[in-house]
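Some structures to go through are shown next.
You will see two complexes here that share chain A, one where it goes with chain B and one where it goes with chain C.
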Partner chain A sequence: MTRTAALLLALLASLAALPAFAGPYGLSVAILILYFAYAGQAWNVMMGFAGQLSLGHALYVGVAGYVAGGLFFHYEVPPIVGLPAAVIACTLFGLVIGFLAFRFRISGVYFALLTIAFAEFTRIGFDHLAWTGGPGGMFLKVAQRNTWDLANFRGPPAMYYYAILAMCSLAFVACFFLLRSKAGFYWQAIRENEDAAQALGINVFRWKMAAVAASSAMTSFAGVFFAFYYNNLFPEQIFNISRSIEIILAPVIGGVGTLFGPILGAVVLTGLSEGITESLAALGWEIPGVKQVFYGLVLLGVVMFLPNGIWPFLSRKFKL
Partner chain B sequence: MDRRQFTKSAAALAAAASFPGIVAAQAQKLKVGVILPRSGYLGFIGQSCQKGADLAPGVIKELLGVDIELMNADFESNVDTARTRAERLIQEGANALVGAFDSGASTAIAQVAEQRGIPYIVNIAAAPQITEQGYKFVFRNFQTAGDIVRNGLDLIGELFQATNTVPRTAVYMHVNDTFGQAVTKGIQAVLPQRTQLPFKIVDTISYDPAAKDLTVEVSKAKSTNADFLLLVCRLNDAIALRREMVKQRWNPMGVISPGSPGMYEEQYFKSLGKYSEYSISNVPWYNPNAKLTKIVEKAFVKQNPKEKLVFHGLNAGFTFEAILIAADAFKRAKSTDPKTLADAIRQTNITDKMTLGGPIKFNPKGQVEGIGSACVQNLELVPKVVLPTAAAEAKPVFPAPYYKT
Partner chain C sequence: MTALLRVEGISKSFRGLKAVSNGSFELSRGTINALIGPNGAGKTTIFNMIAGVFAPDSGALFFKDRPIHGLRPDEICSAGIGRTFQIVKPFAGLTVLENVMVGAFLREKTAAGSRATSLRIIEKLRLKAEQPASTLTLPDRKRLEVARALATRPELLLLDEVMAGLRPTETDEMVEVFRELNRSEGTTILLIEHVMRAVMALAGHVGVLHHGEVIARGTPQEIVRDPKVLECYLGEETEV
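What follows is the complex of A and B.
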């Protein structure tokens, strides 16, 4: 067993034991960290692996949340059934965006703008849909349960914690194998030099579409989780560009294109910023907005001193 | 200490250890967790609400003799953070939660409060669903979105009666965001039922909340020749729109909001000066003549010597009252035990209150009914209550003096 694998297993074991000793607050912060790690991992497939910059991933979170949430709210369809519907809807959205962009050779910044545009007009569209509750939002029926009801995704916070931990672990394993698969190598070739990849016979259009489909499908799980954890959805909040930025911050800080980057980035951003807020509160200093300042400083530091992210530096330094 | 004294002390210690509820019941201080958006896009309003919270311990001590300890938390205008902040405050010993201005955040906090069995009093949030979930620990002392629109439109009728005017037409302009859309739907649903209102809407014009230039929209509205402008706005667009009206010399009978922020805020007056005059907002408000308002105003000025309560009235007023509800329940319950406290909140009957409307009494869903709105008109560069008459500080001026038939 390599050092990295041993470290991973130790990390997983300690995370699995966390609910036993972390209080409800610690658990809620851990859920937040894992949520951003998972969503960042999903985004990483598109940008980190295939080199396609999306600034509108909130679109998939929102669409998935609304599809599964709406089915549950209107027809009492349990999320276990709503989830596949959400995955299909998000994949279709992703494929439409990908087709429009790649068919007409839109790439780079223009592709990023297209993803923002889709998120924006979906937000406006959902604002006018009666089925989604419009701008007034959709509030899922809440049932407080101490037992786990996985089919209806209702239960105590520990259930949500283990669900997001499982999602994160599976996403990590899936990305690990994806990176070493034919698709992974093709994506990396496209990321490094699209023209060269095409010259080598890679069907660039097809593999870029595959990356968008995989990323959007993965993100839809995060959307369903969000909807059933928070139980309310507002188009203005869930499709907002700030949500998309939140998703990409973790992998950018941790290391784009790496497996550990999104996880490390989420720990640094959410974990440390919560820690700073807590420490300041313990000292009796109340500084509203300190988290945003911290985000800015970390981003600045990473861009200036570790342009590839924190993980590549750590892995080099400690030979991980 | 002799043997008998030792036995007594040991028995008392054992009893205290066996019945922590008794210790809780003897608590002398109520810890209130206040969760507000003090940074992020709602930061401005969150800080305004915080002013109401900050003065609460002093005023409540004076009024009820109850000690309050505030535990403040900023949820950064982010639903995710609202949930973790609620968890933290409960973990740190908050006996009750108050907040959070935003409906999404309030829903997230409500779930935590219900799960952990800690009373949560919503200060400001209008989504009706918050008190429709069958929660046992969630209470709200604020109007729902439907009530705001209904009360706002009813006050327009009262304004016309009080000023003996009969405007026949209105042009409706609204900011095209979540809030603007929600109010528009409310107006569309309620207006046809209000047959006593003499006017009809001749045109509806929406505009982007980030719009810097409203030339086209204002000229279109002007061209309708409507008697008055019915406006649903936020702060920045309200300023831009009023400036454009002045520039285009459009002087309708008045500008009336059926229930939106913007025109009663300090920045509106600072930016527009004399052009801020006569704008009307029908919103949930405080009673300037209430005894409690005078006490709160005194405390407010003491804490914020350079500011006026009137510019924070809605935010500070409802936040203060939310803490007052918790303190009143604590006084009656004589306990910080969450269930006892929640039961006491359910029995609340506060008649000596700051905001308009009937007494603070919760219905079985945890909602206060009968909260009043006021017709607030900008007069002499401050927002003044002109209706209802019982709370009025001045007489309504409609049509505005600049109106030319």
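What follows is the complex of A and C.
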């Protein structure tokens, strides 16, 4: 454990120093990696810990992005206020989906279908709302890129980098403690066997609702980050099912239900695929779609040789 | 002395098939009781009604004079009734200790408290705390079922065929565990059992179910001499 803690601190220190060395492109890749690590960690709470498969986590990213972005765009409400509003909105969405599913005992793939359905009709709904700008999208004003303005979440790329790094670290610490708390034990019990969990006095409905609430609330931070980092929101893109899949790839590759899985998966997928694209471009080969091929190969490799993900394999191998 | 558990005329049918009809009995505090009967006699159905898996069609269940029929399994457990599963259901992805801690969290607020309680129970049942539950042998899985149920600190422990599949020496060990538990903690036990060796050694009171009805009650010695019981186990005597 102490060795793991030392490794973690070293990792955090080198990550904190990264903006001093990395160029703008390197920094943007690092932000992307951390973004997927964070969103994956949030998804992992629901699926990895509590065993509830969501294939519609883009819903929470989108709703949070639109709530905080829309408040800023229409009323100039700073994201520091927009963020709590987004968290509340996403948690409510999550609770409604959870209530419908768990109350009527929908589980497994049917639960996953329900999460897709919600993301889909929210996408269609937002496409027809004037407030969101519809399919034409919503564009946040891009201003001031030199000074750090945290309240308005406006600043240079390094600010976004440190923000997402902080989010990742906090999420990691939060999940670490969650897993060791009553909630973590109860979620894992539900994941492993619902009947046995219930026979041990666990109110399965309530604890599943708690997992959905925690996961959707965590994901909403990613949504707000997304909105203010990219400054544009389109329902067609942000709620797209491919976005939901993107979120789950990192934890699936890295190891579902593990603390390091989402981070490791994001590094492998985003880091290596960007790396390959770049190196090929440097050699003068611009191959469109090479990233997708790489994703496919990595997925194939993991499914065939490491069905529990990369992290469980590494932790066994190196006794971390 | 008032009964810890009172079962009053409960009945349950599945699609018109009567599984239990008008079953009544009482369990006194601190006793070890067994419910026996041939396959399909309704033992598991009665067990499941007490454990809250499903509610009786009619009749009533009282635990410490409080009605418990219609409560969910988790509410039953919180009320103080622990159970094991006939087909063991370990949390395979967790260690033995983690499995037991899940149960202990019902009464313990902190992870440290839950851990301490669990380690005590694990030692008592001679399990290895850090062993992954997926690698346990069947007897150990049965012990894990018991350990997890005990961690919820039940006043009444329901054991569903917990001896089935155990070798005679393992059965004797398990019997000793329950005796000790009953002696030291005063836990009331209701076991559903096929293994007569365990029933004879352990139970002070035995009820016999046949075709969903309680046909006999008494001490193990009385039961094995009861002609009605012999009849349902061995078939009717016929003149040749």
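Methods note: the second predicted complex is superposed on the first by the 319 of 320 C-alpha atoms of A that agree within 3 Å, B and C clash if a C-alpha of one lies under 4 Å from a C-alpha of the other, contacts with A are read in each partner's own complex, and residues count from 1 in each chain.
Quick note on the criterion: a contact is a pair of C-beta atoms (placed from the backbone, for glycine too) under 8 Å apart; a residue touches a chain by one contact, two chains touch by 3 or more.
Fair warning: this is a prediction, and the values are worked out from it, not measured in the lab.
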Combined model on chain A where chain B meets chain C, clash or fit: fit
First (chain B), second (chain C), both or neither touched by A:Phe49: neither
Touching partner for A:Asp195 - first (chain B), second (chain C), both, neither: second
Chain B or chain C, by number of chain A residues touched: B
Chain B versus chain C as contact partner of A:Tyr230, first or second or both or neither: first
A:Tyr295 touches, of chain B and chain C: first, second, both or neither? neither
Contacts of A:Trp311 with chain B and chain C, given as first, second, both or neither: neither
First, second, both or neither for A:Val29, with chain B first and chain C second: first
Gap in Å between nearest CA atoms once chain C and chain B share a frame through chain A: 36
Footprint overlap on chain A, where chain B in one structure and chain C in the other make contact: none
Touching residues on chain C, where the partner in the complex is chain A: 51, 72-74, 77-78, 82-83, 85, 89-94, 98, 101-103, 105-106, 109, 111, 114, 148-149, 151-152
Complex contact set, residues of chain B against chain A: 38-40, 43, 46-47, 72, 74, 76, 79-81, 83-84, 87-88, 90-91, 103-104, 107-108, 111-112, 114-116, 127, 129-130, 132-133, 135, 145, 177-182, 185
For the chain A and chain B complex, residues of the former touching the latter: 23-25, 27-29, 32, 35, 127-128, 134-137, 139, 141-142, 144, 156-157, 230-232, 234-237, 274, 278, 286, 288-289, 291-292
Chain C contact footprint on chain A (complex, rising order): 180-182, 185-186, 188-189, 191-193, 195-204, 257
